[in-house]
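Following this line, the structures themselves.
What follows is subunit A paired twice: with subunit B in the first complex and subunit C in the second.
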Partner chain A sequence: MFEEKLKELEPVFYPGSIAVVGASANSRKAGTAWVWTLMSAGFPGPIYPVGFSGGRIGDLEVYPSLKHVPGDIDYVIVAIPRQSVLEFLDDCVTRQVKAVQFFTAGFSEMDAHRGRDVEEKMVEKARQGNMRIVGPNCIGVYCPERRIPFIMGTLGDSGSVGFVSQSGGIAGKLATVGLARHINFSKGVSFGNGIDLDASDFLQYLAADPKTRVIGAYLEGTRDGARLFRTMKEVARVKPLVVWKGGRTEAGAQAAASHTGSLASSAAIWSAALGQAGAIEVYNLEELADTLLLFQQLGQWQGVRAAIIGGLADGGGGMSVSAGDACMDSGLEVPPLSIDTRKELGALLGEVGSILHNPVDVSQAQFRGLETLFRSIELVANDTAIDVVLIQEDVDIVLPIYSQKGLEDINDFFIGLRNRQSKPIVVVLPPGSAEPERLQAEQRLLKASIPVFCSMDRAARAVSNLNRYSHRQRFT
Partner chain B sequence: MFEEKLKELEPVFYPGSIAVVGASANSRKAGTAWVWTLMSAGFPGPIYPVGFSGGRIGDLEVYPSLKHVPGDIDYVIVAIPRQSVLEFLDDCVTRQVKAVQFFTAGFSEMDAHRGRDVEEKMVEKARQGNMRIVGPNCIGVYCPERRIPFIMGTLGDSGSVGFVSQSGGIAGKLATVGLARHINFSKGVSFGNGIDLDASDFLQYLAADPKTRVIGAYLEGTRDGARLFRTMKEVARVKPLVVWKGGRTEAGAQAAASHTGSLASSAAIWSAALGQAGAIEVYNLEELADTLLLFQQLGQWQGVRAAIIGGLADGGGGMSVSAGDACMDSGLEVPPLSIDTRKELGALLGEVGSILHNPVDVSQAQFRGLETLFRSIELVANDTAIDVVLIQEDVDIVLPIYSQKGLEDINDFFIGLRNRQSKPIVVVLPPGSAEPERLQAEQRLLKASIPVFCSMDRAARAVSNLNRYSHRQRFT
Partner chain C sequence: MIKSQKALTEVESKALLRRAGIPVVEAKLARSKKEAVSTSKEMGFPVVLKINSPDVIHKSDAGGVKLGLANGTQVGKAYSDIMSSIKKAYPDARVEGISVQRMAAPGVEVIVGMSKDPQFGPVIMFGLGGILVEVLKDVSFRIVPVSERDAGEMIREIKGYPILEGYRGQKPASIPALEKLIVKVSEFVEKNNQIGELDLNPVFAYPDTAVVVDARIILE
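== the complex of A and B ==
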């Protein structure tokens, strides 16, 4: 499905060469930043800086105009004043450019009438020249495989998560959070006002893209709702589609109008449409990132029967109680463990101070050593009544009891368990007063493909979101 | 109100001397840990370790039994097997101990019938000896002023936030999170099964305590619901009372029964009762900590008209949209700025790429320097249409544009603004890939009494929670 989009958008995600227009030796210019960032990222094709002032950026010559560029130009990144864009597009047509990305802003998002008028003329010129436009008012393409970062410059490993975002800020933040949490992207795009290529085009591309296995989206509004929802429905049939709709409220919608020129529809209409399309609606950046992380690790896994393990050291009781609440609030089941498992746990841990139902409080293991802790967790993970294991590991209490070495041993055990088990192992590392050690542990687990969350609420929500997709697939 | 409780519980929170029973040179014992922790914290009175094995813990002699202790004993912390507690209480009566805290567990939370039976006998003995019991199955008292930490040992500065918790784990975690986020406690208590002193007693004490200005509570259940709700209603009239009810769901409630022997009532009944009592219900540890932090900084401030400032550097648009949603979802208002403010902002920032309504996107200031940024923020803060200013500061985008020095200058400006302004300034520092710099910035702002949150959703929720209290106070 949508295979034609792969060919159509190939110059956008895999350009052979990139010209950056609005660059100069003056480092304050956005164009200059883009040149540096493409160079640092190691974009493998020619990079052509273009700017009136000439000179050099690093080893690269700055050409006074597009027509002075010596080679073929597949893709152009534009950061020039908005007054010049129409004239500039003529140059692009002359040079047979395949696609143009406009960082330049100040169109329909600023002036609904005159801005829209200019935008229509831009699209007209692009059609005549057989060119595609990304933006305006956007930071455009992010493609680790092709070494194309956003303007901010950070670029993670190539992975399986694709995303589209109407907002450059959200796109950039998602890329950065992805870098920190080992969410690896196949490609992403911020498309701003989306006057030519818009959410529907990019969603279709990602649906067809063999590198992309799950798709995230931040959307504020659309100029063609019928097409968008038809597209989302088709896309969600082939890959999980996680959508965060910004501008659900009056304050948000007003900001959205000024931001990407979007006329927001009511939140209820969007929610209903997303539900009908089979997309998973999420409500903030954290939930979007959490859900994409989990899809990345688990694919289209399903299962709602959660075992919750708390109290790796002291104080598991209250955490078990609240973790049980968090899971059930999110729609997960927290079934009793099998009688055999409970018996064996009782033998391992004793009864006093332990909760041997589910949630399971294994804090008594601290008096019996790490082997007891590991055997207890493995017992729970092996229980056939359980689909997924959620483990709360509070570094603040693990450290004083087991020391740094013990913390590392525990995480080694989780990694081994994850490799032995077909069941997902999800770890919750709540923040506290040992942040360096906690962040280190988080990195270690994430690198070993264990999903990590900072609260049980967020972990449970993400697991539940996965099930919302899987569930739908089974019955439609 | 409840002034009699101050006298009654003085030996609990301000004991002259503490005996720790169940201590030995063997460092694996909980009692030993408690002795070390009291010594390290600098408890100013005599500490008497008691344990059969004798020997020394640091400079302190371990006495074979309570009757060998040379001085008066106000308070006893008990970590001995549960089989010995009744006999042990006789020794306490003989020594005219004023209060006893039982870490020892394995009573009604393990065996509803036999455990309850032992608990009743314990209370009977305490009554005869004119003693009070904290616990059993608890980590007891936390009082920075008197240098009494929990067993885990960390102890923050003395402050204005009091808390009661049925769970030792939650109490300990709240203390640790408080340490990390500069939530400073007057005193706290984990009371476990609460067989003698329970939530009502401690809430009454904190209501009367002149050092306490706001009260947090984690509760799982109660043996005397009528008294608890009467107490909460009286307490909430004099001080803000923030309550997290654990065990709202079936899984949580089952864990609660095994944890503190609590029979949980339905969540709906609790929510209704908390609402009627004028308490602010919260739903997890993060929201409890967030709300207490904000009450600590702002006291009984009120105001729902929020200005949201985003885009301190690039990419403020999408953040403004989603921040607007977050605030309105939480019940805050995001009113338009006055015309004068908008005009002046337009002159400062220009129109292109800026959102000059509310939420305010000030990202254009990056092309005009920090002074422009500061003047823009000050303009918004001075607007009389606004009660509170919520600023999203994304370190991931501030750092590359303004460098570490710029980040520090921005935070200095916030601190100055906070000192000039009567309006609350709330800062949101979302996590990303520059965690060390972000954590450093967070510490700096928190130390200067600026409340910091890691997401706009959490900030907005906390501001809204403050208003729920204040609002109620005005109309009842």
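== the complex of A and C ==
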């Protein structure tokens, strides 16, 4: 599906060469920053800085205009004042540029009528030159495989998560959250006002892209809702599509209008459209990242029967209660463990001070050693009444009881358990006072493909989101 | 932006719906008291009389509706009463006459509507009728085209769904009949782009069928 999009957008995600217009040898212009970013990321093709200053940026010559650039130009990043964009597009047509990305802002998002007018003329020129436009008012493309980061950003490993964002700020933030949480992106794009290529084009591309297995989106509005709706429907049929709609409230909608020039529809209608299209609606950046992380780690997996394990290493009582609430509020089931499992747990941990039903409180293991802890967790994971195991591990309590070595042993055990059986293990590491140790533990688990969340609520919601998609797929 | 709009009367609206295969309680226009009485007799009692005017939106509030009329005498008196009430409430309204229809047997009251969203175009709304939709905003939406599966989901999505299943000995509403009706309305508005707004309120749902009791279409 949408195979033609791969070819159509190849110059956007895999340009052979990039010109950066609005760069200068001796200033801190956005264009200059872009040139440095591309150089340090190791973009493999020619980079052509263009600006009035002449001179050099690093060892790259700055050309006075596109005309002077010596080689073919596939892709142009534009950071020049908006007054000159139309004239500039003529130069691009002359040089047979394939795609132009405008960082330049100040169009329909600023002045609905005059801005829209200029945008229409931009699109007209692009059509004449057989050229595509990304933006304006955007930070464009993120493609680890082609070594293209966002401006002043860092590249993570190439992975399977694709994303589209109307906002550059949110695209950039998602990329950095991805770096921190090992969410590895295939491609990302911020498309701003989307006057030519818009959300629908990029969603279609990602649906066809063989590197992308799950798609996230941040949207504020659309100029062609009917097309977006049809596109989302078709995309969600082939890949999980997770959408965060910004501007759900009046204040948010007002901001969206002056941010990307988006019209407002009511939140209820957007929710209806997303649900009907088979997309998973999420409500903030955290939930978007959580859900993408879980899809990346688990793929399309189904199972709502959760076992909750708390009391690592103590204080599991209240936590078990609230974790049970969090799971059931999110639509997961927390069924009783089988009688055999409970009996064996009772023998291992003792009945006093334990909760053996589900949630399970394994606090008592601290008096019987790590082996007992591991045996208990494995017993729960092996219970056939359970689809997924959510483990709350509080580093602030693990450290004084088991020491740093114990913390590492516990995480090694999780990694081993994940690798020797197929039931998903999800770990919750709540932030507290031992942040360095907690972050270290999180990194180790994430690298071993164990999804980690910082609260049970967020873990449960992500598991539930994954199930919503898989459930719908099964009954389509 | 000002769009030219034209509100169709109940009789006109129902005629269009009926042609699209959507079950309606047929309404006939009577231009005189005499005609109202003879039409009532043809249809069979009890009947309902409603003012038929594109300018009167809240018909009941203005005294423009009379229910459960059991014979010709009652129909004649209702005709006069409606005309004088409307003259008071809407002195400038264009009155084309009064619509006559059989009084529908009581069923579960639901509403089906369509409005145009600035981004997604035609959107179908579903909800329970009366106070539940007005006060609790217990409605669901779907973008046109609405499939049968979408219709099923939008019906089950409302909080008042148990009422449709037959609450406390009330007769249940046929979910398949409502699904079909919603899908037909979706097809109808998809084919007729000039419809700007549509309001089927109420629709009566019965254990085996559903029928549009009042309807209003606005063209753009």
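In this text, the second predicted complex is superposed on the first by the 475 of 476 C-alpha atoms of A that agree within 3 Å, B and C clash if a C-alpha of one lies under 4 Å from a C-alpha of the other, contacts with A are read in each partner's own complex, and residues count from 1 in each chain.
Here is the rule we go by: a contact is a pair of C-beta atoms (placed from the backbone, for glycine too) under 8 Å apart; a residue touches a chain by one contact, two chains touch by 3 or more.
All of these numbers come straight from a predicted model, not from anything done at the bench.
A simple residue count on subunit A separates subunit B from subunit C, and the partner touching more is B. Applying the stated contact rule after C-alpha superposition, one finds that A:I269 touches subunit C and leaves subunit B untouched. In the superposed pair of complexes, A:Y218 makes contact with subunit B only, with no contact to subunit C. When both complexes are overlaid on chain A, the residue A:F229 reaches subunit C alone and has no touch with subunit B. Residue contacts after overlaying the shared chain place A:G246 against subunit B, while subunit C stays out of touching range.
By the touch criterion defined above, A:I415 lies against neither subunit B nor subunit C after alignment on the C-alpha atoms of chain A.
In the superposition on chain A, A:A255 makes contact with subunit B only, while subunit C stays out of contact range. By the touch criterion defined above, A:Q166 reaches subunit B but does not reach subunit C. Of the residues of subunit A, not a single one touches subunit B in one of the two structures and subunit C in the other. By the touch criterion given at the top, residues 28, 82, 105-106, 110, 137, 139, 151-154, 165-173, 176-177, 179-180, 218, 220, 244, 246-256, 258-260, 284-286, 308, 310-311, 314-329, 334, 351-353, 355-359, 361, 367, 394, 396-397, 400, 430-433, 435, 439, 455, 457 of subunit B touch subunit A in their complex. Those residues of subunit A that touch subunit C in the complex are listed here as 221-222, 225-226, 229, 263-266, 268-269, 272-273, 275-276. Those residues of subunit C that touch subunit A in the shared complex are 117-121, 123, 140-143, 150, 153-154.
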